[in-house]
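In structure tokens below, several structures.
Across the two complexes that follow, subunit A remains constant while its partner is subunit B and subsequently subunit C.
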Partner chain A sequence: MTASRLHTSLMHGAPAKPLIGSLGHLLIFLWSLAAILLTQLRGGFLLPGICILLLSLLYPFALRRILRPRWLILLGILLVTSILFGGGQPDLKLWGVPLSSEGILVGVRMTLSAIVILLAADGLSTSMDITEVAGLFERLGLQGLGFSLGVAANQLPNLRQSSTNAWHSLRMRGGMRAQWWRGLQLFLLTVLTNALRRSEDIVLAAEARAFRPDRSRAAPLRIGHLDWWLIPVGLVFLAGVLVLT
Partner chain B sequence: MIHVRDLTVSYPGQTVLQAVSFDVAPGECLVVTGPSGCGKSTLARVLTGLIPQVIPAEIQGRVEVAGLDATHCPTAELAQQVGVIFQNPRTHLFHLRVSDEVAFGPYNLGLPPEEVKARVDWALEAVGLELLGDQNPASLSGGQMQRLAIAAALAMRPKVLVLDEPTASLDGSGTTSVINALAHLRREYGLTIVLIEHRLAEIRRLADRVLVLDEGRLVALGAFETILGDYDLLHRYGLRRPTEEALMAWPDLLIQNGKPPANAQPLLEFQHLSAGYNGQAAIHDVNISFYPGEFTALVGDNGTGKSTLALAAAGLIRPLSGRVLFNHGVRPRPGLDIALLFQNPADQLFTDSVDEEVAFGPRNYRCFDPSLHQQTLASADLLGLRERRPFSLSVGQQQRTALASCLALRPRLVILDEPTLGQDWRHLQQLMDFLVWLNHQGTAILLITHDYKLVYRYAQRVILMEAGRISLDGHNNLAAQKNFLTAAGAEVNHAAP
Partner chain C sequence: MKFSTRELVTMAVFGALWGGIEISLGSVLHAIKLPLTGLSLTAIGLLIALIGRLFVPRRGSTFFIGVIATVLKLFSIGNILIGPMIGILTEALVAELILDIFPKPTRLSFMLAVAGGSLWTLIQPFVTGLLIFGRTLLPIWLDMVDQGSRLFGLGSQAALWIVLALVLLYLAVGAVAGWLAWSLGQMVSVRLRGHSPTTV
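Let's look at the complex of A and B:
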């Protein structure tokens, strides 16, 4: 067998097609944003309620994440501040605090909208690969940005590791003691230089594989069986809600 | 396939390669070896066009690879003829999915998606990773990562592969998987391979010829067995004689003992220790003691928990359960009681000069003594380098600086995590001789390594880790090892204290 086989021996495998592909997840995210916009314009709780139900069924992991205490506290703060500063004339009292019915409605709507956005964004970011997001940027003509985004996302765990190494190294020599200010300076500088060094490594590896920032490398989006159906389904759903409300 | 004539490469103020000439035939595997800093990696970068096109340097002479002038041909064009694999794949893989990593190169060539897909499938199959296409590269083992790096280069369909120490950070099984993949590619597709390596045992069955560099000059070029049979040459350039160490299983070469030294109080004690990261234990229920003045080796494959054990021992990570006791009662103070030398010394250095690096710990603990500082620098042979920036030093010098910065606090136990990475045998021996001297001064040493020969020569006690647990606590089976090494043609003088 010779090198020529290298140029001709290629395997062709059938790609596995998911039910909902990256395009579908992107569409679901866009429809969710449109639903929030409509909620703000038309009022009512039906639309955000249905969105939360559907998104929770579609992205149960996102619902689980949102039920964590830190998110519940944030949503609670949003609800309380929206109620207190949501406008309207005070017409009822709760534990002696004057509140307006209009403010409560605004607060609940704002919180439900926030939940919809969080669920949809979490679902999208978890279901769609960073490379595909990068590919989208490339498709939009932002050449090189997609590559930078992918590298940045990939850098995070490495930066975390190099920061941990730098911190361990500092701790091995006493940590933040007599030379705490110098130690802090050196620690931050080390994290920065490690990031730059890692970037250099990536540039070298990318150049060795023919990367050129001026050439678009739009990776294809994964299309699922239901993706194209989501366009008319979304349109019908929003139109139905508009008619009903 | 490759023709190099009178190649001289210079960085400002430094000539790295001098008048190097050689040829490589199509389908041949040429091993390039030599002491650290002899210009091997520079040669790899020249062959792949990264020097001078990405890394500026002055080049004289002629370099022709697969019919292209490597010194002038655009990197993107050359990348289709010659693929490069770097020493540490972790720093050169930058996608979140294995298949995307492999597809990166073909997309850069502007190929249509169907062609890219076909190349990705083919390249992954060629290195045996076809079932891992959807995985995150970060979740792969060291050997799998290196094979992924090879697949990423293969997807460009090159005629030549240049590999810069591809097995340096791998254990025995990882090394074997990479060498098997290379042997398969060479046999099936007739690839020409240029392999830069210190560890010659593992590549014995792959190599046709060896090129030895020293201080940028070609000092020997010939058939693998001829060059490796020249003991004077090996000794002169600090090269290791090949043994079959990568193929040996640790349990066959060790004898269970586990008895503590008579009347000795433990220096460091693990009691039912479990430790790890993000709540996940990497080591489980470890019970073991280390005694003053011991020279111990901790061995085992990648991912068995050796480094986690070292971090827990040095007090740098908290146990998930169990206890780490120093001197029979207290938690060890990082650096002051137990020092840890990281795998990559560059991770441990963070100041502007060697002098500050070594003095930082004592100053921080308010125990700086100028005479002790001078003594530490002298013992690590760093007096002449004290004003140098640590990152401008060679790997061996960086390692000595990192070690001196640990020793400046006079710890009772020094742990070294894989000090063999990127080191040639001569530098490694110098480091080990220094450790033996330290050990004779009363410092206990815990050496974490895959390196069979180091364990044989230096360790009094050997601990084997498997799947996060201690599976054997004993010592070298000297008779079995001596027979084995003698049969393999290696030197057997036992230099352990």
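Let's look at the complex of A and C:
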């Protein structure tokens, strides 16, 4: 029985290594930020254009999200305000409104930059697991962050429920009518006290399972086949843009 | 930074509270574009983080709480809001740096920390707009003056007065939130077995 179980687990084996791992997604995010900063310094539309194309291919879900009306309206507002207040002497007219070609260029560049940032951030947050982000921060010196994030994520629904209960109790007893300020203070006090009392149970549970922050290891980052190649490719690309523009 | 299990859990609770407010209240306020949304969320968030500082009075704890809130916001509902995330992280860092100047938590240090964090809310559009979104400073300045003009009912010609009034407003709101954080923290500690915050 045990042997067959062992065999089954062995047959499943380790999960296949992805083409781009978490490290790769992080590098792509950083590369996109660097490309945007470079665009601000050097101008032009080529770099943000290439970024949008690559990011759309990598993260089609992020592109679909940006194409929703809400985001399109926000990007439209950004474009219009940038064109209207982007600076430069007015040298052309559109429906009677004086505009400057410099302002239009600035506006379009700014909107493209915003799209790159949105695509890269959405791609990163969707592709990376919360424990991996915690692991990354732990490697940067915030030891125990993975554990804390796990606790925080599990506490969120409890906190929401506890806050709702406290709010309703206070309202039903008329706590927010005559002395609303005092009521608000009591509400905060109740929520905080409940949360801290609950944290006592979590500490006990963690210690009962012999958890020690100094013994815990950061969650490993998933490394894909192409991850290490992305570093030189990204650097060469950025250096090429620097030289050519 | 090495924290004990108890400290990690306490910071997780306060990080979850800050993150929860950013996810729920923050998303609503940002969506309806209410004036001074950033300031209100900063004041509430730092108020919570600083109460947490009373319970974990160690260097780095406020920043740690801010990191938890940032990551929770990042993975909340698939909303791509890079501004608020940079905001939470930087506000926590500013508050941490101010608190670290003082040898131990005091009411004054709390007031200064939240005031500093709140003031960052006013400065942030210039930094992120310029560095990340490539906006020129002029439209950001005009936005700020316009907001202040509507808020205080002053003509936009008095730009400097408007900005000064905005700075004072942000500092004052921050200082009040810091004051409240200290008082509430003491009240919570009294309610929890009547101990001082450091021993809870």
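Note that in this section the second predicted complex is superposed on the first by the 157 of 245 C-alpha atoms of A that agree within 3 Å, B and C clash if a C-alpha of one lies under 4 Å from a C-alpha of the other, contacts with A are read in each partner's own complex, and residues count from 1 in each chain.
The working rule: a contact is a pair of C-beta atoms (placed from the backbone, for glycine too) under 8 Å apart; a residue touches a chain by one contact, two chains touch by 3 or more.
The shown structure was predicted, so the numbers you read here are calculated from the model rather than taken from an experiment.
Look at A:177: by the touch rule set out above, it reaches subunit B but stays clear of subunit C. When the shared chain is aligned, subunit C comes close enough to touch A:192, but subunit B does not. In the superposition on chain A, contact of A:113 is made with subunit C only, not with subunit B. Contacts of A:210 after superposition: subunit B is touched, whereas subunit C is not reached. Of the two partner chains, neither subunit B nor subunit C is touched by A:19.
In the superposition on chain A, contact of A:202 is made with both subunit B and subunit C.
In the superposed model, A:168 lies in contact with subunit B only, and not with subunit C. Contact with both subunit B and subunit C is seen for A:151 once the two complexes are overlaid on the shared chain. The residues of subunit A shared by its contacts with subunit B and with subunit C are 130, 150-151, 153, 155, 189, 198, 202-203, 206-207, 211-212.
Across the interface of their complex, subunit C is touched by residues 33, 36-37, 39-40, 62, 65, 81-82, 85-87, 106, 109-110, 113-114, 117-118, 121-122, 125-126, 130, 133-134, 137, 141-145, 147-153, 155-156, 159-160, 163, 185, 188-189, 191-193, 195-199, 202-203, 206-207, 211-214 of subunit A. Against subunit A, in their complex, subunit B makes its touches with residues 26-27, 48, 50, 53-55, 75-77, 79-80, 83-84, 86, 90-97, 100, 103-105, 107-110, 113, 117-119, 121-122, 125, 138, 152-154, 156-157, 159, 187-192, 311, 314, 316, 334-336, 339-340, 342, 347-351, 360-361, 363-366, 405-406, 409. Every residue of subunit A that touches subunit B in the complex is listed here, in rising order: 1-3, 5-7, 9-13, 15, 129-131, 150-151, 153-155, 157-158, 162, 165-166, 168-175, 177-179, 182-183, 186-187, 189-190, 198, 201-212, 215, 217, 219-220.
In the complex of the two chains, the subunit C residues touching subunit A come out as 1-6, 8-17, 19-20, 23-24, 51, 55, 60, 64, 67-68, 71-72, 74-75, 78, 80, 82, 130-136, 138-139, 142, 184, 187-188, 191-192, 200.
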